[in-house]
Amino acid sequence: MKQNNQNWKLKLHEIIYEADTPAGKLFDVALLILILISVLVVMLESVEPLQNAYGFYFNFIEWIITILFTIEYILRVITVKSPLKYILSWYGIIDLIATLPKYIGLFVTRTEALLVLRSLRLLRVFTILKLARYVGASNDLIKAIKASKAKIGVFIFAVLILSMLLGTAMYLIEGNTDSGFTSIPRSIYWAIVTMTTVGYGDIAPATALGQFFASLVMIMGYGIIAVPTGIVTSEFTHAKRTTTNTQTCTNCSKSNHKDNANFCYHCGDKL
Amino acid sequence: MKQNNQNWKLKLHEIIYEADTPAGKLFDVALLILILISVLVVMLESVEPLQNAYGFYFNFIEWIITILFTIEYILRVITVKSPLKYILSWYGIIDLIATLPKYIGLFVTRTEALLVLRSLRLLRVFTILKLARYVGASNDLIKAIKASKAKIGVFIFAVLILSMLLGTAMYLIEGNTDSGFTSIPRSIYWAIVTMTTVGYGDIAPATALGQFFASLVMIMGYGIIAVPTGIVTSEFTHAKRTTTNTQTCTNCSKSNHKDNANFCYHCGDKL
Amino acid sequence: MKQNNQNWKLKLHEIIYEADTPAGKLFDVALLILILISVLVVMLESVEPLQNAYGFYFNFIEWIITILFTIEYILRVITVKSPLKYILSWYGIIDLIATLPKYIGLFVTRTEALLVLRSLRLLRVFTILKLARYVGASNDLIKAIKASKAKIGVFIFAVLILSMLLGTAMYLIEGNTDSGFTSIPRSIYWAIVTMTTVGYGDIAPATALGQFFASLVMIMGYGIIAVPTGIVTSEFTHAKRTTTNTQTCTNCSKSNHKDNANFCYHCGDKL
Amino acid sequence: MKQNNQNWKLKLHEIIYEADTPAGKLFDVALLILILISVLVVMLESVEPLQNAYGFYFNFIEWIITILFTIEYILRVITVKSPLKYILSWYGIIDLIATLPKYIGLFVTRTEALLVLRSLRLLRVFTILKLARYVGASNDLIKAIKASKAKIGVFIFAVLILSMLLGTAMYLIEGNTDSGFTSIPRSIYWAIVTMTTVGYGDIAPATALGQFFASLVMIMGYGIIAVPTGIVTSEFTHAKRTTTNTQTCTNCSKSNHKDNANFCYHCGDKL
């Protein structure tokens, strides 16, 4: 009887946590659809006319989804080896956060603050990424981004410092006009808007000197955009170059040999 | 008599479907000019003052073009080996769609919906791309884009998820002000406008917290733009490297020779 | 006497057309300064308050510059081997265009149309580029851009076709609202503004469907920007790779060998 | 007694100028925090409501920081080998500039002009960059940017020339309308805003011809952005390739070995 119970747990674990079996895939797809519906309803609820017209149905769908998420959460806790580890894990917390708001909503009337919690549910969509065909691509992506992390950190730091200096300078130039540079933080906001080439136009220089200075900032930003691109691209190219070698040494089974290598770089054995 | 008829069909087929003979080239160029005039007229018709002044001429030109397109369509159906296959093909459908609107217009008064159908005619312009000198370039382009497809898919997916999270967060921050973040979908629209560095400024943060958060989104988008660039560039570089060298040394079977190499760079053997 | 005259011509030719001698360099720098002043004056004249206050001085400076340019033009014609070839050359025409406006201005009162002619004078600034230290850099630049020409042509063509389709679609979606999509050409203008991530915001979608569609256009444009970057970068990398080889064959004096070449690719001699 | 004094100086020098000892690191971190607080206060002071409410506290904090910076400056002058060299160095001037404003403020009432001087203090933040783990990344960055300097110079020069030509042309097209092209300098400002894809929308073409021309400028700018990216990327890729391989085989003198290679990939000899 006990083994039967264990068996039942194992099977459920396979369905819920893995995507190799047909049932597991079905579960993943069903969960994805549920998540997307949940997200869609949250979004549509925020549109006032729709909320006024279909508010009842939105509420109804949300309760169904919440109950299904509750069942999923309980099953996950039951079937996993170490429940506490799951509950305190990243996904465990997100699962809980995605389930709770509706129940809390029974007691709290101001549910607006919970919207953001629910939107975190979206992060679970990434689990579906584990499915087969995207793995290669995303692995390369993650590798390149990880390798560029330190460089991009320095870059963003430099951009921030530059924004502060340029923003402060612009505050001095345009601070007394009506063009919106009312304080240094706002001027820094403008500098970031300009340097990243976003350019809302909510704050724009009005004086000749301000426009001249802004032109310099733009050309600077235009040149600077090349830096992160250069970093990531060179990492991608590098990752590509080193991963295209599929040869493996027959002696020490090291891979990643150079394309035109005659001998293993690790043990010196002829390839 | 039958063979003569067959011969006549073959010649027409050569003129219409191929671009190697002078007549075929002439046909392609004539068709291109017709398409461009057709497109131009459709565009100018949408400009009210022009339509009021020259509406009659536009209509006249359109009828001439429609009749020519009809003749072309009939000839294509007649001369092709398997007419049904052509009619149901991508180009066959576009050809039909480009011809019908004017005839349907005789019965329907509200032709606005047909404009988009006609604009599909534009896709046929790509047929002219088959002409000689762009082939190499476009082949490389298509190869690089195809190779990057999976990675770019993951990337766009990640951008969308990020836009949802950031848009929802911004809705919480600026939702109660007059700055235009009236609903989550609109906030997501803002997030996409900002992350892609388009920055219309129709919706822009007004509070200090909102501007601070927007700055983060911008810098994020500024960094993210490097990713698709990196993907495509590394594919281009890769495609370039592998396509410029196809020669292999007959002595040592080394490849990757320079384009204008006469001797193997490794063993000195004549290539 | 004749030889002396010839000698005098040769010396002047050296000063005017070459930048190797101190006098030639001085002439180039003086010319550059004259051009910059000329351009500056043209610009400042267009600023109404400045024109009202300093119009007399602007006119005075312009006459001096025009006279100096006239002398330069005459000297160029005299000292060059084949005067007609110079007069009909690119620089010859620009030189003439830069000199004439002021004289024509004596007879014509509406000089506005001449502004653009004068601005062409700016192109002569590129002559200064011939000076030593930028040559290497600009040569590489020109090489990479020339090599990418066909690909960039296809790319711009594709962007234009796409803009037409997207603009027409947007006209159908937003044509009846007040958001500015009043005609197909304007909608195409919007599509280009959006796809290139410029985003003025003078025309922006107002309906939910329009904003959804615009989001797609933006993400598309965001991905498309990677293509020209990829093209140029791979050309740059390629140009760099092939030019970094400084080895020269001792037998046939060919350079540009592969980095790991043991034998000359041209004559098969051992390197 | 003298040696003791010297010893004391050496220790202080180690703490202030180096970051290898715990005390030196602590000093750097404390200085960084002071700088950040100083910058933050300067920024918040520019926000009028905050200045009105907490002006007294801001002033108090600033005096403390100024006194601490004064002590730091004096210690730096005392402990350094050649005080004059430090005082006239880049950092020496910045240190002085960061300290003086508050004292000058005692005599001058209009301290606004001093804000920019203080913002220069931010540049000292870069000293913290000398700390260990960012060195590799920033060295690569600086190397790539230095190598691209000449090319980027030519590029920016070309962009400026192009902006002048395009701005002047646009002034001719839109100069008589109300769309904001009131003078050539403003039109050039517009051209830079557009070519860098910033696109504020404060000045935007209103006529059909102007919009057509602007579209050309945008597509041009879109293509041009690829150039600096290509330059920096190819430098990065080059730097990456050459810096990861410095080892040379003692047997066959092949270089470009993998970082973790134990044996030459060409001849199998131990490295």
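Per-chain numbering from 1; labels A, B, C and D assigned in written order.
Just so it is clear, a contact is a pair of C-beta atoms (placed from the backbone, for glycine too) under 8 Å apart; a residue touches a chain by one contact, two chains touch by 3 or more.
The model shown is predicted, which means the values in this text are computed figures rather than measured ones.
Set against one another, B-C and B-D show the most C-beta pairs in contact at B-C. When chain A is fitted to chain D on its Cα atoms, the angle of the rotation, on a 0 to 180 scale and to the nearest 5, is 90 degrees. Separation between the centroids of chain B and chain C, computed from CA atoms only, is 28 Å. Centre-to-centre spacing of chain B and chain D amounts to 40 Å, using the average Cα coordinate of each chain. Shared contact sites, meaning residues of chain C that touch two or more other chains, fall at 47, 155, 185, 188, 197-201, 208, 225, 229, 231, 233, 237, 260.
Residue ranges of chain B in contact with chain D, taken from their complex: 47, 197-201, 229, 233, 237.
Partner chain C is touched in their complex by these residues of chain B: 39, 42-44, 46-48, 112-113, 115-116, 119-120, 122-123, 125-126, 129, 133-134, 136-138, 140-141, 144-145, 152, 155-156, 159-160, 185-186, 188-189, 192-193, 195-202, 225, 228-229, 231-233, 235-237, 239-240, 256-258, 260-270.
Of all the residues in chain A, the ones that touch chain D in their complex are 150-151, 153-155, 161, 164-165, 168-169, 171-172, 175, 182-185, 188, 194, 197-201, 204, 208, 211-212, 214-215, 218-219, 221-223, 225-227, 229-231, 233-234, 237-238, 256-258, 260-270.
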